[in-house]
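Following are the structures in question.
Next come two complexes built around chain A: one with chain B, the other with chain C.
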Partner chain A sequence: MNITVCAKQIPDPANETSYDNGIIVRPEEQVLDDTDRYGIEIALQLKEKYDAEVTIISMGPAGTMKGLQQALQMGADKALYVDDDSLKGANSLMTANVLSELAKTTNADIVIFGTESTDGYSGTVPQQVSRFLNLDCISYVKAIEIGEDVSLTRQTSEGSEKVKMPQNCVISVTAGGVEPRYPNFKDIMAAKSKPIEKVELSTLNITTDQNLEFISIEALENSKNGEKIIDEGEAFQVIVDKLKELKVI
Partner chain B sequence: MAVPYKAPVKDIVFGYEVIDSYNVLNKISEFSDFSEDIVIPTMEECAKFSEEVLAPINAIGDQQGASIENGNVTMPEEFVDAYKKFIEAGWASISLPEEIGGGGMPITLSGGTLEILSTANLAFGLAPGLSAGAISAINFHGNQEQKDKFLPKLVSGQWTGTMNLSEPQSGSDLGTITTKAEKQDDGTYKVTGTKVWITFGEHNMTENIIHLVLAKVPGSPEGTKGISMFIVPKVMVNDDGSLGDNNNVSCISIEEKLGIHASPTCVMEYDGSVGYLVGEENRGLNYMFTMMNEARVWVGGQGLACASGALQGASQYARDRVQGRPVGMSKEDAKKSTIIDHADVRRMLITIKSYVDAMRYLMYDNQLMLDLEYFAEGELKEFGEERCGILTPITKAWISDLGVELSSIAIQVYGGMGYVEETGVAQYLRDSRIAPIYEGTNGIQALDLMFRKLPLDNGQAMQRLLADVNKVIDEMNEGGEVLSDLAQKLKVEVDRLSEVTLWLGSKMLEGELVDASAGATPYLKMFGQVLGGYYMGKAAILATKKLEETGDEYYKEKITLSKFYIEQLLPLASGYASSVTAGKDDLFNIKAESF
Partner chain C sequence: MQFTLNEIQKEIKENSTKLLKENIDLLETIQKVDDNCRLDENIWKLVIEQGWLALDVPESDGGLGFSNTDTAILSEVLGYYMPIIPLFSSGVVFKNLLFLSNENIKNTILPEIISGEKIGTYCVYENDKYLTSSDEISTTLTKDKNGYILNGQKKYVMFGDVSDYFAILANSEEGLMFVLVNKDSEGLEIKQTSSLDQTRPMCEINMKEILISDDEIMIGSDSCINAWEKVKNISLGYLAMEQVGGAQACLDMSTQYAKERIQFGRPIGSFQAIQHICANMLVQLESAKSVAYSAVRTDTSDDLEVEMSAMLAKSYCSEVFNKIAGDNIQVHGGIGFTWEHPAHLFFKKAKSDSLLLGTPKLARDKIAELLSL
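Our next item is the complex of A and B:
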């Protein structure tokens, strides 16, 4: 079985993000999006069951490839990426197109995503990829049970539902559903010799247009300023009254 | 709330360059490809693990501690869970040989990981730390059967190990231990006696604990020459590796203590427990010595860890706390200022920060010398052995003393909020206080430096170290105005240290041993202070080069830290000189009852 996990390298969230004309400025060194660790964890659990190969696929400026290395350190077997200037600021449909084509090159049976990237937040790529690949999409997976069969529990607007995992599908995983493993020291060392391969965009069958126009970016205004309560010995009473008013207590 | 721990990975990686670890280790065939490509990902992932798993439960361990009921020691639940994750991630075994399931990395690599793990949670780290001692003992001196039976699960962390030396009447002097081991017909021994202060002697994180116990076989020579070492499992291990019966090993009580509350300190009773002799009878203490250097360097590292952790909290607090108008600041500006704008607060912070750097370089270099001693050949091996001998007591004592002092300064930065438990900084002071005591008290380290290390090769070993310091001074003299200015200041202190060393040497030759011993502790402190200057000089040379190459402000600050150390902290070294040479008279001219 081939399992493919789409993972994104993003600027280290510990640092402040900077934008150039609405597009995130990506430093040479980017890290693995924490959201993707959940998807990788599920892939690694499935790997143990099916003796599958786990491939990381990624689109975006490769830089030092630290984020991809981090994915390999967790235990994935190899990584493929597309890094092409023409994809700068790509919309989600274009991204889905590129990732679908990459997934095809790995003969993926199962394609796994985090729910949405920490720097982009579009949250639509997994569904779009499932259409490109003509596979069922099981979105918002929050738990996995591996027995004889594999069942997935997905978050729904009403609560949750359990589905049996088909042999071929696209899965998007919510954060917090599983506990991503910490890389084992030996895996950290082994990752250095795992293959990371660049795929040229020109070799992929891209059928969509870059049909998104960027207009502007503005900082969100605070919708409401908080109220300042000056404590002259009675502040606690004011707060209690407020909380009562809000029916919190 | 305590400030979330963020491991100083960049500083750690810089440390590996300061001590020239890559070039030195590449001379050893096993480590010929040791490079930044190994160090950086290792430190980053160890940092992530420690920040997310170990640091958040440090305060829980402190407040809840370990508890005992009916001889069973219970750890806080979070520790049991964290230990499971810890062994899955394999951090305990990176520097153990590959043949026994370790990561096969140099000991030097565990300098950084030990620093990170210990800062995140000192008490937690003691469990795998003591296991490491037991593993080395069995690996170096055990027979094949013992290795096969005990090592795999100790190395994987499935079981932990302990070191049982101390008894109520035997602390610094182990010659007086009374635990006895009687030989049985089947070749095993029956071990009977009481051991005290046994770290992680009992706990519920693993299903078995392998105790290494020092005991005397009846009829063996008096004193330290008659001590043997035994493997005594808590639960017997069958030949197929499964667990058998309990082995009459019990934990009678655990100590209430100042710090490291989540590390149970146990009184252990052995009541005819089955013990397996390690190596030969009466060689137990010699075997201990082979592992001692590693353990002592680790304990020095604990001082570094506490100081480094306390600094993080203190510097964050100083950036947040608004109080007082800094001298020379306008009223308007003062509204936005915090206590970090007061010169005195800055002095405290930079004092801790530059000591932390100096301590780190010393500790890592000591480990590098251990690698040479264990893995190199010929002259390089001899060099490692000699240098390691001198550095180890200094790493252990100078750094662990500073750990306490600097954690205390960090509390001072907070003011009252440092003294209350809520901010978490007080825990570093309490936890750090054990390091000057165990693994040979710092007083014993000072005597070791003076009576065993100073005379090595008729004092030539010491001279070679001082010559290396002078080489760095020469290099600094070639490195431009700032460096050559610092070189002169370093020179003054090294020369003073050389004089004092000669004085001590001659006292010892004259047989005035009490006079010499009276100066042991100030001598060790002076030595540490000067070695700090040596490493900070090396750091300044490297940072100057890197600054030119990269223009990164970070290196400018490194130069400032070296400058501060050499100009403002190093001169304390000379201050010790008069205590070193004062002799014994004043100390003994006060009657014991007058104290």
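Our next item is the complex of A and C:
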């Protein structure tokens, strides 16, 4: 079985993100998007069950490839990436087109995604890839149970539902159900010898156009919530009343 | 000598930091020590799974073959997050004693220690003089027709109540020896004692007529003192790294608070008095880092150099951690003096660390002796 996981390298969220004309300025060293760790974990659990091969695919500036290394350290077998200047600021359809073409080169039976990237937040790529690959898409997967059969638990607006996993599908995984593993030092060293291959964009069958244009970008306004209470000896009573109003006490 | 971390060391630091940062909340640690937690089993399990205990063990002994310097980076991270786990007692001191033990003990026990299946600890000191000369060790090992009989009492036994093996320094007719005692040995009594640093729970052990076979002599009298000095000096390097990690946590805590805490309409970090404290903390910390890294980078085959750098690290890093942990409380003001704030954990750890494996004064005396002063 071939399992392909899409993983994104993003600027370290611990640092402030900067933009150039609406496009994130990407440093040489980017890290693995934490949301993708959940998808990789699901893939690795499947790998342990079916002795599958797990391939990471990625699109974007490769830089030091630290994020891809981190994915390999978790236990993936190899990584493929596309890094082409013409893809700078690619919209989600273009991204899905590139990733689905990459997935085809891996002969993927199952393609796994995080629900949405931490830096882009479009949340539409998994579904679009499933359309390109003509596969079912199971979204908001939060847990996997591997027994005789494999079943997936989906997050729904009112709770969760369990579905049987088809042999071929696209899955988007949400946080909370599985605990992404920490790579141990043996895995960290082993990852250094795992293959990371660049795929030239020109070798892929890209059929979509870049049609998204950034007009402007604005930071969130600071929250104006909160009320200042001046203590003139009775402030505690105001706080108690407030807590009662909120049904905290 | 290289003064920056190489790629592997950066990865070790980054991965270990991520692991502990995501799994340790100091406010929960306060609750744990309040509940007399003797071992944080969740963190211990994670650390074992990551192979931390096997990192500095040669591949020929089933380890991962990393260097002392690589491994000591873990200690710096541990000092920052201070989990309640016996990495220092079992993974540093006891493990290094095993390296110098007889082949049979080493080959049997080392795999159990590096896999985390068993925990070991060292039992050396009997009073607060922290001396290990023959006349300071009253634990006796008397020759018997079946081997030896062990009697005595040891203090400051780190994680004693959760340990499976005890490396005990005892006095025999032949001289000082290290013997191995199992937690189930008849005649062994383990008593919990209160610890200043509650993240390193201490015990007192009493040994009454414990039968020791010849196979349980870890390190014989011919090499015992040299072996202990070597293990102690290597361990002091790791301890210094922990102290540096703890001091860094205090500095980060202080600077963060100085930016957030508003007094007289502006952050307290804008006041020169606070700025001076924080700036001095940084200067001292950077010097301590240099000393600690130097100690763990020293070639361990050069006993004299190892001893000198270990003593320097013990003396300087202990003083610096104590000062910075105290300054951290000063920067925080009243809140830093409360049980609910983690500043006291570091303050107590600083004091306790400065007494582990000897006092800073003993270290300075040793430096003077080495310099023939």
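We adopt the following convention: the second predicted complex is superposed on the first by the 239 of 249 C-alpha atoms of A that agree within 3 Å, B and C clash if a C-alpha of one lies under 4 Å from a C-alpha of the other, contacts with A are read in each partner's own complex, and residues count from 1 in each chain.
In the analysis below, a contact is a pair of C-beta atoms (placed from the backbone, for glycine too) under 8 Å apart; a residue touches a chain by one contact, two chains touch by 3 or more.
If you're wondering where the values come from, they're calculated on a predicted model, not measured in any experiment.
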* Look at where chain B and chain C land on chain A after superposing the complexes, then choose clash or fit. => clash
* Touching A:Pro27 in the superposition: chain B (first), chain C (second), both, neither? -> neither
* Check the residue A:Pro183 against both partner chains and state whether it touches chain B (first), chain C (second), both, or neither. => both
* Using the touch definition from the top, say if A:Gly89 reaches chain B (first), chain C (second), both or neither. => neither
* Considering only the touch criterion stated at the top, classify A:Gly63 as touching first (chain B), second (chain C), both, or neither. => neither
* Determine, under the contact definition given at the top, whether A:Gly123 touches first (chain B), second (chain C), both, or neither. => neither
* Asked: Residues of chain A touched: more by chain B or chain C?
  -> B
* Just name the clashing stretch of chain B against chain C, choosing from 24-32, 168-176 or 456-464. => 168-176
* On chain A, what residues does chain B touch that chain C touches as well? -> 73, 182-186, 188-189
* Asked: For chain C, which residues are in contact with chain A within the complex?
  -> 8, 11-12, 15, 18-19, 46, 49-52, 54-55, 64, 66
* Asked: How about chain A: which of its residues touch chain C in the complex?
  -> 73, 182-186, 188-189
* In their shared complex, at which residues does chain B touch chain A? -> 37-38, 41-42, 45, 48-49, 52-53, 85, 88-91, 93-94, 103
* To do: Please give the residue numbers of chain A that touch chain B in the complex, ascending.
  => 69, 73, 181-186, 188-189, 191-192
